[in-house]
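Every chain is named by a letter (A, B, C, D and E) in the order it is written, and numbering of its residues begins at 1.
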Amino acid sequence: MIQIIAITNNQLHTPSTIDELKQHDYDWYWIDFDQPTDDEIKQLDEKLHFHPLAIEDCIHELQRPKLDYYDDFNFFTTHAINPKDLSKQEHDFFLGENFIVSYHNYESSEINQAWRRLSGVQDVSKWDHYRIFYEVLDKIVDNYFPIIYEIEDELNSIENNDDQEAMEILLDNLFDIRHELLKLRHTINPVRDLFYRMLNSHRLKGIRDRREYFTDIYDHLLKLSEMVASNREIANDIRDNYLSLNSHQTNQVMKLLTIITSIFVPLTFIVGIYGMNFENMPELSWQYGYFAVLILMVVITVLMVIYFKRKGWF
Amino acid sequence: MIQIIAITNNQLHTPSTIDELKQHDYDWYWIDFDQPTDDEIKQLDEKLHFHPLAIEDCIHELQRPKLDYYDDFNFFTTHAINPKDLSKQEHDFFLGENFIVSYHNYESSEINQAWRRLSGVQDVSKWDHYRIFYEVLDKIVDNYFPIIYEIEDELNSIENNDDQEAMEILLDNLFDIRHELLKLRHTINPVRDLFYRMLNSHRLKGIRDRREYFTDIYDHLLKLSEMVASNREIANDIRDNYLSLNSHQTNQVMKLLTIITSIFVPLTFIVGIYGMNFENMPELSWQYGYFAVLILMVVITVLMVIYFKRKGWF
Amino acid sequence: MIQIIAITNNQLHTPSTIDELKQHDYDWYWIDFDQPTDDEIKQLDEKLHFHPLAIEDCIHELQRPKLDYYDDFNFFTTHAINPKDLSKQEHDFFLGENFIVSYHNYESSEINQAWRRLSGVQDVSKWDHYRIFYEVLDKIVDNYFPIIYEIEDELNSIENNDDQEAMEILLDNLFDIRHELLKLRHTINPVRDLFYRMLNSHRLKGIRDRREYFTDIYDHLLKLSEMVASNREIANDIRDNYLSLNSHQTNQVMKLLTIITSIFVPLTFIVGIYGMNFENMPELSWQYGYFAVLILMVVITVLMVIYFKRKGWF
Amino acid sequence: MIQIIAITNNQLHTPSTIDELKQHDYDWYWIDFDQPTDDEIKQLDEKLHFHPLAIEDCIHELQRPKLDYYDDFNFFTTHAINPKDLSKQEHDFFLGENFIVSYHNYESSEINQAWRRLSGVQDVSKWDHYRIFYEVLDKIVDNYFPIIYEIEDELNSIENNDDQEAMEILLDNLFDIRHELLKLRHTINPVRDLFYRMLNSHRLKGIRDRREYFTDIYDHLLKLSEMVASNREIANDIRDNYLSLNSHQTNQVMKLLTIITSIFVPLTFIVGIYGMNFENMPELSWQYGYFAVLILMVVITVLMVIYFKRKGWF
Amino acid sequence: MIQIIAITNNQLHTPSTIDELKQHDYDWYWIDFDQPTDDEIKQLDEKLHFHPLAIEDCIHELQRPKLDYYDDFNFFTTHAINPKDLSKQEHDFFLGENFIVSYHNYESSEINQAWRRLSGVQDVSKWDHYRIFYEVLDKIVDNYFPIIYEIEDELNSIENNDDQEAMEILLDNLFDIRHELLKLRHTINPVRDLFYRMLNSHRLKGIRDRREYFTDIYDHLLKLSEMVASNREIANDIRDNYLSLNSHQTNQVMKLLTIITSIFVPLTFIVGIYGMNFENMPELSWQYGYFAVLILMVVITVLMVIYFKRKGWF
């Protein structure tokens, strides 16, 4: 779908096609390619005459956030995050002297919000195409936060879990969180670096004019990037801690096993001796043979216990 | 609560409202927003006319330490640390040509100390609004030290602990310390980087004029940041050491278990054979069958012991 | 084999030897050394008079991707990847004012594609020797992608594998993938860095003139390099996860072993006592001796079960 | 204690107090504050009029090596290492146009050596206050070497140790060495960075004039810093190696335990069956029952051995 | 031994002493200090008048590769590698306007090769003292390669080893290789960095004039440094892989042990019960008591097997 808003003399117009738009001379206009059909995509070339490499970058998904300077427009690619699977949703923008063209292959709540806001605005004099750009980017970046907050909550709940039996599940959750943080990092950091370039570029007058506003988004990106790094470190720490405790517990389990084995296996051997059926076993007919063996076994047990106590295993 | 001190001709005045302050022409003044109510917050905009983005940064907690240049003031955000839970306590400052406005949503001992000092000073001629800024920051940074000293003491006590049984607790303490150091790093390093920017900014004349003083705080921040990094490394080393020893101990325990099992299980099998009740078992009626078996078992034991000695397990 | 295409007045010519080529004055020409014989290699020196160090770099395989400036030509080395074993296939290029000389010791599908494309083109006016260079590099870099996609698919299949028994194979596959990613990184990153140098060099007018095109390849290299790093991290995470689960499982196995041993070994000892053949064992002739022992053993078992329940081992 | 040497016309003088020193006009002088009393410390302010922040840095121990420029002197802090416990011994220097003031709260062999050398020199014309500075720093840095050499020797002796039983001690020694290397790194690296700043500062003419000499010390610091890093890596490698071998040994121990258990526990069960006292057990009265069971057990044992051989456990 | 070659008017001369050399005015000359005696070393100072710090750096071994500018010469230190023990063999060079002085405390095959080459050359007009410098450095760097190739071969043989029993040896070899790679890194990387400085120095005209040649060596150093890093990573990966497999195998061994124990220990307990000699044990005289117990034990075994099958342990 292609939507158009065009402004002239503080008046909003909504030409229904690009051809219609071109017939008038507007102050500035915004064209939104919302999940366009193949025919609509062709208009990027045929009607708007953008550079073929920029159009290729629009259509293909394999883009990193980036900023390319062309002769009569600048081209931006950035990513929103789908909160469901943390997949990237590419948003492309062509910014010219008096226009912004947005392009997205997914339904974009951020674009829709900005569109509704502009449509409903009373006094359009404070708006221009760079303001549109700012509004959409601000929404995109704001939408990163609840995703990280949710991960922080999950990490907290894992960290405080004391139910030993669920550890397999906890470790699996930790792994998933680490994976999600990796994905987030690979989305947020490149967007952050793109903003750094935008803010320091000498060729983007529209951004220089509202530097405070774009810097405000950049602040959020710095914060987000730190939160991702810090949560990843915490996830590592929690896992290392579980493994440390696990290793310690295995050690304790082994000690218990060894103590029981060390005490009872020799005793069982002794009683096995006097369970043998040899005809000639003098001890068997001794008056106090049985009691002597019992006492011997008590002595062995006591010595064993003392030995393990000395080793500090109790 | 809003508190105001205003200085003119080396005289302290305490106007009770911003309106009252505005009626006079003071040399410089300090307004402190101490855990302000919503109505008081509105005065940032209505009375003091700060930029909406700076006000937004004041009100919301989600700030990294930062420095923003606006047309008629500079905006600083920095963090004190709550010694109880190591949480961050944001302090915001608006510094203009002849004023400082401080803002904090927590009770701030650092602000209170500076306020008391200024209130009690005899000769106010050596003070101005940048001196206030210095005094508060100096206190904030000084208050980081006891927190790290305490962590160092805890690490020392963990490192020297020889009580084997408490290892689960030690590992848990280590994990907590690592977590605390992570939090401290995420507070101290950004504040340090903010100071670096402040000291190297060409737009902050008030700081350039007392460069030695702000550099002195920056020295402390460098030291703090190194202490955090170094303690984190030590915490890692201690944990790795515990795990190494644990792994070694498990190995030793396993060896003991294996030795005892290897010696007694075959012997128990042998005595089991002669405990069988078959009618036709020739050995049972041999004159010295019993003693032959005893000797056989001694020989097996001796061979086993020699074998494990050769392996170096004793 | 040496192949030559020479262009003049938008006409393609195919001189069969370098001598023949030199007799005419072409607008520009392309000489391809395709797995040349020793005699053909000599022509680099004798006919084309390239610098001996550049020729040495051609012939020997031990090159990193690089760019050397000589007086009358620039020398490039870059690597294609053999999809079968991920080995590097060196491609060398000499670019002069009106020529490109390509050199490769392997059959090169990328060179062949560009050769066919140029041979079949109708209007050669938009082509020059730098366009050839672009076309070959573009193919080389495009051919990196399917290799990484395949690795991503393998990683996904490993991550979702739930068949415990195959873990030895999974770990081995993971190791191979890590090895392959290492190889890819050592190919892709130097090529990426070479492009960075090419794009920022002031001495390569032919590249500056089609900056958008070479930047487009550079974008792909940045993306590839990120994919390699990210997949390596994922491979690490998967392995760490397997090891965590493994360690946890060993712990669980040990607990089961210890429980069974702890319960039955003492019981077996007790029944062993009453299996002894001493003549004087009063309990044996008690009316309810047998039942007393059975009850004793039930009590011991119940106490053991309670003990392990309390420890949380069940 | 405060010591003073003052030079004029190539003559050494030793004024006993700062007041006495100030009465004459010397070419240059050196004042050494050797573990000064509180009264002596006050003279830094009252007699020498240094900046209060520099004096504060002298008195307090919490300094990183650093260089501060003041109006009429430069202030340096650097650390010697106490070879006994590797603690830092702060040395502070005030260098002015014609003086050096050294300050140290510990007995300083480095200062003492330089003092003796200057006192005994015949021709003082080649000396000035920056030469003093060089001599002391050179000694301080030279004294770092034997400490690292000793650590290298210890690491070598740990690496070549083959006595298995002492591993707990070896691991503990490794941990201590790692700790010591951490301390050394935190001393040496900041001193190295300070030298870098000193050598590249445009405000230290006295150092620029003897650049070769200070560069020579800087070379040593680079070497030291590399030795520390490299020894730390070697310590890590040794520990990882011990742990690898340990883990492998545990595996071998477990295999032995499992083989013995797997063979004898079933056999013991079988002999246990025929040790039962049931009245009606037909096998017991078979002529060759006993021998049949013996053969059965040999067969089981052989099958087990073949099984474990196939698994490669022998 | 001190060797001298001096060139004038394309003629080689071989003065036998430095004094003899100084009597003539040669175009350029090369003095080689080959494992010099103490008396010969003194000539660096007395005859050649080099700076005492440069001479000190010659004589002492504790040098990092480096380049120092003095007034009338440049001083270089670099390292050859002894292929036997990978120890460093320091080579020092003094390069002046028309001379090179080389110094080495070891027999140097690289120096000898260059010496023979120069001695045998027909037309000496293309040689000068910087060419000597290039020839020796080129040999030194070329000699690094076979050392790394050998390590790569060893790593390959370790990686493909399938003989489980030799793992202790493999791990030890891996450790040695890691140690060797560490040594190589600490030799090659500083030499690489020295070349970077040499190539980018504005004070070394002799090197600027043969930039392509020195760049060619630098290429090799870059490649070597990458090979070392990459092999170290591979060594880490192989070790991690062995440890992963080891940990997995231990788990499998434990499972087998637990299965066998869990099945036979309860059974052995049961047969133990009926091996007791109580007079009053009703089951013993039951007609089918024995067979009932056998059936009970088969049932228990089947249940156990089903249980472990369900757990996926088979």
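Quick note on the criterion: a residue touches a chain if its C-beta (ideal position, glycine included) is under 8 Å from a C-beta of that chain, and two chains touch if they have at least 3 such contacts.
From a predicted model like this one, the values you see are computed outputs, not experimental measurements.
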**Study point:** Those chains which touch chain D and also touch chain A
**Key:** B
Check your understanding: Is it true that over half of the residue numbers where chain A touches chain B are used by both copies, so same, or is it different?
Key -> different
Review point. CA centre of chain B versus CA centre of chain C: separation in Å?
Key: 39
Study note, to complete from the structure: dist(centroid_CA(chain B), centroid_CA(chain D)) in Å evaluates to 24
Revision key, fill the gap. Shared-interface residues of chain A (touching two or more other chains) are 247, 250, 254, 257, 261, 265, 268, 272, 275-277, 281
Check your understanding: Which word fits how the chains touch one another: line, ring, star, complete or other?
Key -> ring
Exercise for review: Could you walk the ring starting from chain B, turning first toward chain D, and list the chains encountered?
Suggested key: B, D, E, C, A
Exercise for review: Enumerate the contact residues on chain A facing chain B in the complex.
Suggested key: 145, 212-213, 215-216, 219-220, 222-223, 226, 230, 233-234, 237, 240-241, 244-245, 247-248, 250-251, 254-255, 257-258, 261-262, 265-266, 268-269, 272-273, 275-281, 312
Exercise for review: Over in the complex, which chain A residues touch chain C? Could you list them?
Suggested key: 51, 53, 56-57, 62-64, 66, 68, 70, 164-165, 167-168, 171-172, 175, 178-179, 182, 186, 190, 239, 242-243, 246-247, 249-250, 253-254, 256-257, 260-261, 264-265, 267-268, 271-272, 274-277, 281, 283-290, 293
